[in-house]
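What follows is subunit A paired twice: with subunit B in the first complex and subunit C in the second.
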Partner chain A sequence: MLDYVRSNRREVIAGVVLVVLLAGYIGTHPRGASTYVMTIWANQGLILGLAACAQFFAVVVRGIDLSVGAIMALTNCIASYLLDGSALGIGFGMFAVVAAGAACGLLNGVIIVYGRLQPIVVTLATASIFVGIALLLRPTPGGAINYDLADAITLDVLGIPTALIITGVVIMGFWLPFRRTGLGLGLYALGSSEQAAFQSGINTKFIRLAAFTLAGFFGGLAGLYYSFVTTTGDAGIAPGFTLNSIAAVVLGGVLLRGGVGSLVGALAGAFILKTIASLMFFSGLPSLAQPLFEGMILAAAIAIGGADVLRARNKLEAYS
Partner chain B sequence: MSKHFGATKALDDVDFICNAGEVHAVLGENGAGKSTLMKLIAGALQPSHGRIRVDGHDVLLTSPQDALQHGLVCMFQELSLVPDLTVRENLLLGAPGAGIGWLRGTGLDTARAVLERIGGADIRMGVRVADLTLPQRQQVEIAKALMKKPRLLILDEATSALNASVVESVFELVREQRDSGTAVLFISHRFHEIEALADRISVFRNGRRVETFKKGDHDYGDIIDMMVGQKIEELFPDKPLTDEDAEVVLDITGFNWDGRVKNVNLSVRRGQIVGLGGLDGQGQGAFLMGLFGLLRKTTGQTAISGRAAELRNPKTAKQQDIALAYIPEDRKTEGLILDQSIRENLELAALGRPDLDATDETLYAPSLEQLALKHGGLGQPVSSLSGGNQQKVVLSKWLAIKPKCLLLADPTRGIDVKTKTQIYAILRQLADQGTAIVLLSTDYEELIQLCDETHVFFDGKIVASLSGDNLTPQNIIAATLNIAQPAQAAHA
Partner chain C sequence: MLRSISVDSLMPYFGVVILIFAGSAFFPQVLSVDYLTQQLQIAAFLGLLATGATIVILLGHIDLSVPWVLTGAAILSTALVGSGNPVLGALAVPAALAFGALIGVINAAGVAILRIPSMVWTLAVNSMLLGLAVLNTGGFNPRGESSELMITMASGDLFELPVSFLIWIAVSLALTWLLTRTPFGRYLRSIGHNEKASFLSGVSTPSVLFAAFAIAGMCSALGGVLLAGYANQAYQSMGDPFLLPTIAAVVIGGTSILGGRGGLFGTIGGALFITLLTSILSVMQIGDAWRNIIFGVIILVMLLFQTLRKGAPA
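And then the complex of A and B:
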């Protein structure tokens, strides 16, 4: 048990911070913990949460994905054409939107792995390409999403926000089993020590390819969910989501050097960021001061995560 | 089979056969091509020419994965463990039957059993590998290799950080593997280990196989001659007579740290080499680190040439008035900056000493010459050197500050015989010139042959101080296990 808490202390810290912030938010909100308040909060959190999941898969293999926001923008614009009409058509459309995201991620992965290039450079370039295509599809925001479906997915089930149920499914139905597969283990091995992973007989090329494809897949999911929340297509959303996804994974205890952190942490980080934003909105602080406070909380969270360096009696441990 | 790196021929037209059911030791200096051969067999490198045959069939090994499928399992000198994952996860990594799908954890029981047999019962499966000590990591590495049920097991310096009793239990396991038909390739620089384990021995030199013979066909002297191609007269330099009244250079009293080093007193006289022995993690390593200012909250007094010195951090320790140097245990991560050039690495210790000009080549040139560093230009990255030559760079770097006191943590681990003799010779010479030398070693031959006095640590304390006729393998081993003997009790 102690080992478990120690090895997951980053997630534990992120969880505690989230609970404290959420309590503050509900406490200051005039309507308290109503389904309405929680649903809006959860929807905003899940959009960034899925983007943070995308960023997580790139960061855990010691990479970074600057095209997360761009993939969201592109898939959002595709969704604004495909998610209306017959039930069958919408079903196909949802599949196509997510598949487009995964394809974008696969493209990133192929260039990174076979071109032997730095992820930061590759995704910077592909981000422009994806946004370019999105702008061709939707020069100005517009399009439509089926309202009934959008309502079903962005409201609540028996008072529980659907977004929280989806978050639970992502964690319980996808992440926890995934962590126990060879691929899940391989991601961490690759990010922590590529040489050791290679010598252990791990197919490092395949793992890296899979990681970026998963990043694209979650970028697509984020774009899809964004479409349901806003019910329009907008090619201009990329930059904000890319930067916030990086901030979210860092807040959630994922180390940018790779090999450390989890999807749960990334999701928690995203919800923390959104909670801060909402808290600020209702607390009467000027909205212009929001980046200042977000930045301070980001810095504080990282400082807490690194605090155990102070306990180290061997100075060399501070550098490892 | 050949392997070329650019113009360098690491392996030149080598034929090599290893039979099932034998332990085949491979000997050679660093850079003789042993490790390259092992990497070819393990699929980490591909041969420039030639073929590899397993059970009479040609195989193409393009990655470690291919090699694993043919039952070729390698325990690399550079460990293949992932620091951020737990012991359990590391064992599962690349385990048989573990693809990218669901991990069932088959083989973990085998690994657990192996760990228990080789003295690793206290290694918990849920602990991160980064939190383990170097010897513990080697134990995990051994368990990881054996759970793959190898047909050919390569042990490349696999026991270099382990102490004698653990090594013996590892050997027992290896012998069992051999008797059940596994072929074992064994690389070690410790002659007594090869004596204990090998059935046949192959000697490599300069990328060629010199000879293969049964153990016992040649004695140590012959084998060393084959390895170096010339005669080495003596492995260890002669010990001069100890001068009981010589000036005390380094004097430590009441050294304590964090309950892991307990009330250690140590003094080193001019001309003395003092050895530190003991099982792994008994406080001797922490003691050296603490002296060099790497640990927080240490207590005790340190005096150098009679003057009290406060060693807060390495920067103060290396200044002129103290001039302490520390050669760390892990040269790749703590001793060198691998991507920087040899020259830049050599300048690092003198940098930050106001009285020295770090770019002055005469600071390190003499020791480089004496150690006969083999290099392709000082502008080359230090990572291009073999392990033994890297260690020479670490040593020269610190000798540049003309240390009054030199602390060494197992400096000859994984290093070939010729480099060892060069290091021994320079240490003895430094001692004669008045440098106090403290040498931590896991090789008791060093503690006996090189050191004038050896202190054995157990549970953070010095339990025995051996010198002169008391300095015997039996006494050292008894002391490491803390079995008090009357003769030592009086001494300690």
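And then the complex of A and C:
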């Protein structure tokens, strides 16, 4: 048990912080831990959580994806056209929305790998393109999502918020098996040391392409889920989600220099960030002071993560 | 300045020439002196921000606190002038610069001492500044006005050239001297190449980081003061649209996002190119959507051109 905690220290810390914050939130909320409160909390958390998953796949291979929010905006706008009508049409629409996200990610990957450019500048440029296409589709917010389906996916099953069930499926059904596959291990190998990975015979180009495609895939999922929660298409959602997804993965213990962290941490970080925001809302602080406190808590949380440096045995360890 | 000229840094200048000729084919007024000097004036705002960003990017870091340092400086300077007290009014510009330097020091403290990646720490600083601004102004547009000095700095003319452009070039020249002729500049680049090696060679890496981030903060603040002078007011989130074009201007100018390589000569070209591109696209009355798409594609093409020129596949 102790070994398990030690080897997953980062995820455990993020989990503990999340539980403490959530307890504080439920404690201060006038309606307590009702299904209603938990559902809204989980929905907000899952949107950012999926965006953080997208960011995780870019960060773990020592990259960064500044187009996460733009892919969400684009897929959200596509969803607002396709997710209404017959059951078959909606089924196809959901597939098309996520596929569009994956295609955006693949495009990022192809330019990064074959154009030999830095991910940060490539995704900066493609983000502009994706937002442009989203604006072509929806110059002003609008469109519709099938309400029955949206309700089914954003409410609760037997008192458990559906969003938490989806989170569980992503972790149990996707992540835990995935990280044991060759691709899952390859992501960490590439992020830790590209040269060592290459010399061990790993196809680094393929791994990097796959990582950015997965990032796009989760960006598409985030856009899809956002559509179910808001039931409209809006091209203007990009900037907030991109920056918050970076903050979320860092809070979840994923290192920006690659090779360290997990999808579970990224999800935990996203829920932490959303819990802080909700906690502010019910904390009784004057509403004008809330953004400042939110920023200070975010900075404090990141600074505590940086406290690793105090444990460094010698000064050189800090310069890795 | 000569030393920082490379083929990469000449690219945006070629781009500017092509844009002017292509633009003049559709709209003859693009070639007029009035239009071009106006572009120089507007490019100075982006250019000053990009100058600061270049310093930080040469270090191998990035400063995402630009938008609210800019807005904060604008709010502070217009509020001081708006107070009606002539002494406070005269202090508006120095106070804004001091504010920028202070935020730069806070940025550097997180990066140099706590070793937090600059990308997240400056982001957190940015959101704290946003919070402060909201608390301070109550979420409304801040009251205040610009002083004569600020308006002249932003919109005045000297020798037929916009004052803002001259300020930008003067700052660029001074910083280029700092980057190419002083130990500080050499340390800055060497940290961008390899921080560990620089530290082991006896460079006091934290002090270089502190100085670089403070300079970048002052550049952002100066940009904010000029923008406030241009609009004769400060307004909430006036800096947000500048963050990504700033990074784009630096990278198009041939400065490596990984640090260590590049210079301010290219950044000047990058800022001119992006300003002109934005302006010509809006003169052509192209909608927001297409403007975003064309903007992204052109940046990608210019970057791909830079790597293609270097030839041999990795």
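Please note the rule applied: the second predicted complex is superposed on the first by the 284 of 320 C-alpha atoms of A that agree within 3 Å, B and C clash if a C-alpha of one lies under 4 Å from a C-alpha of the other, contacts with A are read in each partner's own complex, and residues count from 1 in each chain.
In the analysis below, a contact is a pair of C-beta atoms (placed from the backbone, for glycine too) under 8 Å apart; a residue touches a chain by one contact, two chains touch by 3 or more.
Owing to the predicted nature of the structure, the values given are computational and were not obtained by experimental measurement.
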First, second, both or neither for A:Ile202, with subunit B first and subunit C second: first
First, second, both or neither for A:Val250, with subunit B first and subunit C second: second
Which of subunit B and subunit C A:Thr181 touches, first, second, both or neither: first
Touching partner for A:Met296 - first (subunit B), second (subunit C), both, neither: second
First, second, both or neither for A:Ile129, with subunit B first and subunit C second: second
First (subunit B), second (subunit C), both or neither touched by A:Pro161: neither
Which of subunit B and subunit C A:Gly15 touches, first, second, both or neither: neither
In the superposition, subunit B vs subunit C on subunit A residues touched: C
First (subunit B), second (subunit C), both or neither touched by A:Gly223: neither
Common ground on subunit A, meaning residues reached by subunit C in one complex and by subunit B in the other: 315-316, 320
List of subunit A residues in touch with subunit C within their complex: 64, 111, 115-118, 120-122, 124-129, 131-136, 139, 239, 243, 246-247, 250, 256-257, 288-296, 298-299, 302-303, 305-309, 315-316, 318-320
Sites on subunit B touched by subunit A in the complex: 42, 44, 63-65, 67-68, 74, 76, 78-86, 89-90, 92-94, 98-103, 124, 126-128, 130, 144, 257-258, 286, 289, 293-297, 313, 334
Touching residues (chain side subunit C, partner subunit A) in the complex: 62, 64, 110, 114-117, 119-121, 123-125, 127-132, 134-135, 138-139, 195-196, 199-200, 240, 244, 247-248, 251, 257-258, 287-297, 299-300, 303-304, 307, 313-314
Residues of subunit A touching subunit B in the complex: 3-4, 7, 177, 180-183, 185-186, 188-189, 191-193, 195-203, 206-207, 210, 259-260, 312-316, 320
